[in-house]
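You will see two complexes here that share chain A, one where it goes with chain B and one where it goes with chain C.
On to the complex of A and B.
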């Protein structure tokens, strides 16, 4: 077994494309998307092959010892502790590797078509390969510093790609926002690392898991790790960066901001699940935050009109589902949902990209409609994704999502309120997803004349990944997680079966309401007042979801995002600026004043000091 | 022949030879430059090849030759080489490329190198003046620029005053202990009884003198003005050589007292309290004002104030846990590496007459010279402490040390400040990469040699950022003197 190929191939792809790009800036000849994308895609495909090969080798090991460490080089030594640059393959990292390289390859392929007209595709593909390299380091690292290296690296790649079209200040701002939010979360990771160093004496995950700590320290460690995850995985309170991150190219949104990077929080919780599950406090905090995020962002998604924003809030909401799984002590269900979600959400983002591409960068769902005939492949694959996220049997989402719903009630850490919130979130998910599907593909066309004529299905290089992901969205959940020790259990008992039925029924009801409400949308003006139309079916639901949802969503968007979070950020910036400017005033520039201030400072230090020593000496 | 002070002798003889050659061939600059370079290379060579394993005291215990002092000398001569090679085009452009520049620079390095080995308050003072006097002159070296003159005068006045503070402190210590030898004072501290107030005042005053040299808040007012006015090459030397030497002396002066003894407990507690306040103020002022600066040299001044904060955090941990001092050495190593590289890049600017280098001059640099931009990014990322660069490990070990010394709260403050200042370091990157060149942006053009020098520094920054193992291992093995 050799894991180094797995990470080296994307690194080579990055280096080759990087050199190509730098050369091209000098002689100002564009490197074609086919060449640079081809290099990047082949690198990812080979990496996927390596992941697959290693996965099968791993499966041949006995179930107890499915762990393979490969030390690449010694990294650094500290008092009595050495940290090596070690790659570790076990069932958990193996699943993540397959998702990253598998979905990654498809998205690289798709990008060749999507970025065809871009000015510098080599730069784009270099960044994309860099991201995959970092992400693989994140999941394969055997120690906390190694994972942190990947953690920071994916943050950097994400920043570069969100602000990829840097001529638009708004997009640059979105990149900055993502970077800053992530750095805030990183403080949690760093401090957790210091605690592990001090109290465990090792930064290796196995050592950390096997060393019992006192209860307070376990809780602190768990909560710090979770705080780090809220940044990377866009949970309350650090979730606002993800919708803005949609400023990047759509394949980037599919790869980084839906399928892989944003799930690294789940990965970290799964990696440290012994520590997390040792503290009931940590678990309940995680479950509560996850459930709130799942519900609130689902509500906000109902009131969005930008196709990518809807999907972004949906991702935040689905991540909340995964966190709930971790928070009820059933991490493996969360990982399972990571996998199925990677399939269907990447599929939907790529589908959205195909739509946006066909409509010449139009993103407003109220200016679309009737695309079922024009974009047949995109439509049918999108339907597969839609059915999967709704949790309709036998689509993949059904298996993973119902597992979470059942566990949120039946697990020892679950509870009725938690379950009800999750059911409500699932209901809303079905509503906004159907709304999206209907507005884009099924309702009458609301496109302008000029646009409508030029709409065409995307080239094969873009539709092929869609089809592959479409198949994966259907069958992806049939076999459970492809790892021995963690078969996702069949829904237990009759109440489990009842929950399953109820959630499917609820999803169908929500879908029906959404279809009735938006199926006949004909006018662009409806953007301004959705509530005026369509209270014909069920007054209660519709007033709730029409006006009510919109207002609640708007109110929540206003209150939480605009008023509270944005303001907090603005105040912080203002305080830092103000104090900086005040301190600048002290910089008057005359030597006499400086001398005076210096001697005043010396006297102050001396006086305080002598007084202080006296104080200490008394005890 | 075994002569422990050989590297210092090589430097001194080279200095004299450099002065001589410029007297013999008046008005030339090239011979002096070559002599200076050869001197620095020879010093570097002799100091790295003869690193002693133990501590050797020479001149009746007034001077110490050890791994620490010798590596310090090697580092200073390496920085000297970087600046001699990297900034000669800059000096020519500014019209100050004359042979006197090289003797003053060598003299400054010699002062710094002697200062870190001194184990006697008198020789520390003499070395301090040997280091500082050339620095005052060099700060005012651009004679026709009013701001450079102002910087020279200001630095001189403030430095003179602080020299007096040091002498006053030394006098107090002599009064209290009856000796100026650091070893003898340490022996005294092991057995002394009674009232130590006189010693406290003296000790604090000598420490303050060096806190001034490293511009810890509230002794930092001089720094931005002096940095802005001095020639870039000189500012770079001040930021690296003088800061590093002063930190080594600070650690020596802290270690003058046997803090293991119960009688010194109250003093240790209060000293830590004072250092903690200075750490927080340096970090907060450094990072906060950093954000508001638009002049690159002033930015680097505040940046070095915040670096002083991190370094003092390491010093703080070493008061009670002497073995943690290695994190300070590691930080100094990384800091010198990235700072000298950054200043070499800065010297490639071609500013318009009487204008400093502003942030706006960096706009669109990616389009104009992509290679140099990559170097800029490496150094700025290292400053911000982003992994993969030596700056990350510098911060990392200081934070680790402080956590083991129980200063977790201050690590949190430092981490928050690191986040704030990261924004300031990323901003120039954004300007370089994402903006088109501003019409008023100045040109950047460096000699090929300076680009090569910066490349080597950048590679070192990355190498030690990926594989810090060897250097950390070595620095941990450096014997802890007192």
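On to the complex of A and C.
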């Protein structure tokens, strides 16, 4: 078993593409999307093969010892503790590796078609490979600093890719916003690391899990880790960056902001689940935040008109589902939903990308319509994703989502209010997803004449990933998690079966309502309500934190700068001035005067030592 | 004892000569006189060396005197050269006139 190939292949892809890009800037010859994309895709496919190979090797180990550590090099030493750069493969990281490299390869492939007309595809693919390298570090790291390295690395790659079209200041701003909001969450990660260092004495996850802490410290650690996750995984209160992150190229949204990076919060909670589940407070906070996020962002998604924004809020909402799974102490259901969600959400994002590509960068769903005939492959794969997110049997979402719904009621940490909120969120999910599907594909066309003529299905390089992901969205849930068999059956008692039926019925009702409401839309609708603006949470952050910080800075500028720093400078000047004036008296310019001073000084020193003048002045 | 010159007497004489030299160096304005004062100081030190050499029955002091005299000769040669150069450029050897350090 050798894990280094897994992470090194994307790194090589990044380096090769980076060098190609730098060379192309010098001789101003564009590196074609086929070449750079081909390199990146092959790197990812090989990495996927390595992940598969390691996965099967891991499966052959006995069930209790499914863990493999590979130390690459000693990393750094702290007082009384050394941290190695160690990759750790266990069932959890193995599943994440498969999702990252598998879905990642498909999205790389898709990007070749999507970025065909871009000015610098080599740069794009270099960033994309860098992201995969960092993401694999995140899930394979055996210690907190290693995960943090990946955590920051994916943040960097996300920032670079959101602002990829950097000529548009709005997109650059969105990238910065994502970066800053993630930094806020990182405080939680850092402080959690400090606590682990101080109270556990080790940053290795196994050590942390096996060292019992006192209850307060366990709760603090859990909540700090969760706070870090709210940043990366876009939960309340730090979720507003994700919808803006849609400024990046659509495959990026599919890979980073739907399938992989935003699920790293779930990964971290799953990785530290012993600590999390040791504290009931932490669990209930996670469940409450997850449920609120799932519901509120589902409401917001119902009022969006931008196709990618709808999907973005949908992602936030689905992440909320996963957090609820972690919050009721059922992390494994969350990880299962991560996997199925990666399939169907990546599929829908890529489908949306295909639509946007066909319509020449049109993103408003009210300016689409009737695309079922024109984009048949996109349509049918999108339907698979739609059915999966609705949780219709036998699509993959049915298994993972209903498991979360059941657990939110039946788990010892679940409760009726939690369950009801989750059902409401599931209902809204079905509503906005059907609305999206109907407005884009089924309702009468509202496109302009010129646009409508040039609409064409995307090339095979883009539709192939769609078809593969479509199949995965159907079958992805049949086998449960590859690490964890027969879960749905064991959980589903009679009430479980009832919940399943209820949620499917609810989804169908919501879908029917949405179809009735939007099926005949013929004109561009102007939605202008508070939900469309995300409940003005962004505006609140801007006025409260943004302007608040500005005001504090201004106040500091007036008070501290004027009163303290300026005054200190003035005093320094005055002291130098005064001492200069005093001492310049001695500078007469006559060598004899200097001689006089010299001898007087010599006599003084001699007097001090020889005649014991100093003994009267003891210090 | 009687009739012989006591070493301490020589040290006292040397101190007096050194004082004259120092005093002259500090108050006389003529560079030539100042150079002579420096020679006086050097020679007073030589006197001390000789006295102490005698006192400790050691030849080292006498030896050092020879070195000091050599150096003093070189020093006065350089010093006189400097004084002549200064007189040529500044037309004066009066320290009151030569205060260009301040400018």
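We take it that the second predicted complex is superposed on the first by the 516 of 619 C-alpha atoms of A that agree within 3 Å, B and C clash if a C-alpha of one lies under 4 Å from a C-alpha of the other, contacts with A are read in each partner's own complex, and residues count from 1 in each chain.
FYI, a contact is a pair of C-beta atoms (placed from the backbone, for glycine too) under 8 Å apart; a residue touches a chain by one contact, two chains touch by 3 or more.
Note that the structure is a prediction, hence the values are computed from the model and not measured.
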{"item": "Partner chain in contact with A:197 - chain B first, chain C second, else both or neither", "value": "first"}
{"item": "Partner chain in contact with A:166 - chain B first, chain C second, else both or neither", "value": "first"}
{"item": "Contacts of A:577 with chain B and chain C, given as first, second, both or neither", "value": "first"}
{"item": "Touched partner set for A:25, first chain B, second chain C, both or neither", "value": "first"}
{"item": "Touched partner set for A:605, first chain B, second chain C, both or neither", "value": "first"}
{"item": "Partner chain(s) touched by A:75 [first = chain B, second = chain C, both, neither]", "value": "first"}
{"item": "Chain B versus chain C as contact partner of A:156, first or second or both or neither", "value": "first"}
{"item": "Broader residue contact with chain A after superposition on the shared chain, chain B or chain C", "value": "B"}
{"item": "Chain B versus chain C as contact partner of A:498, first or second or both or neither", "value": "neither"}
{"item": "First, second, both or neither for A:591, with chain B first and chain C second", "value": "both"}
{"item": "Chain C-contacting residues of chain A that also contact chain B", "value": "587, 589, 591, 595, 599"}
{"item": "Residue ranges of chain A in contact with chain C within the complex", "value": "587-592, 595-596, 599"}
{"item": "Sites on chain B touched by chain A in the complex", "value": "153-154, 157-158, 161-162, 165, 197, 200-201, 204-205, 208, 212, 218-219, 221-222, 224-225, 265-267, 269-271, 273-274, 284-285, 288-292, 323, 366-367, 370-371, 374, 386-388, 393, 397, 399-400, 403-404, 408, 411-412, 415-416, 419-420, 422-423, 426, 430, 433-435, 467-469, 472-473, 476"}
{"item": "Residues on chain A engaged by chain B in the complex (per definition of touch)", "value": "22, 25-26, 73-79, 148-149, 152-153, 156, 163, 166, 172, 176, 179-180, 183-184, 186-187, 190-191, 194, 197-198, 576-577, 579-581, 583-584, 586-587, 589, 591, 593-595, 597-599, 601-602, 604-606, 608-610, 612-613, 615-617"}
{"item": "Complex contacts: residues of chain C adjacent to chain A", "value": "22, 25-27, 29, 95-96, 99-103"}
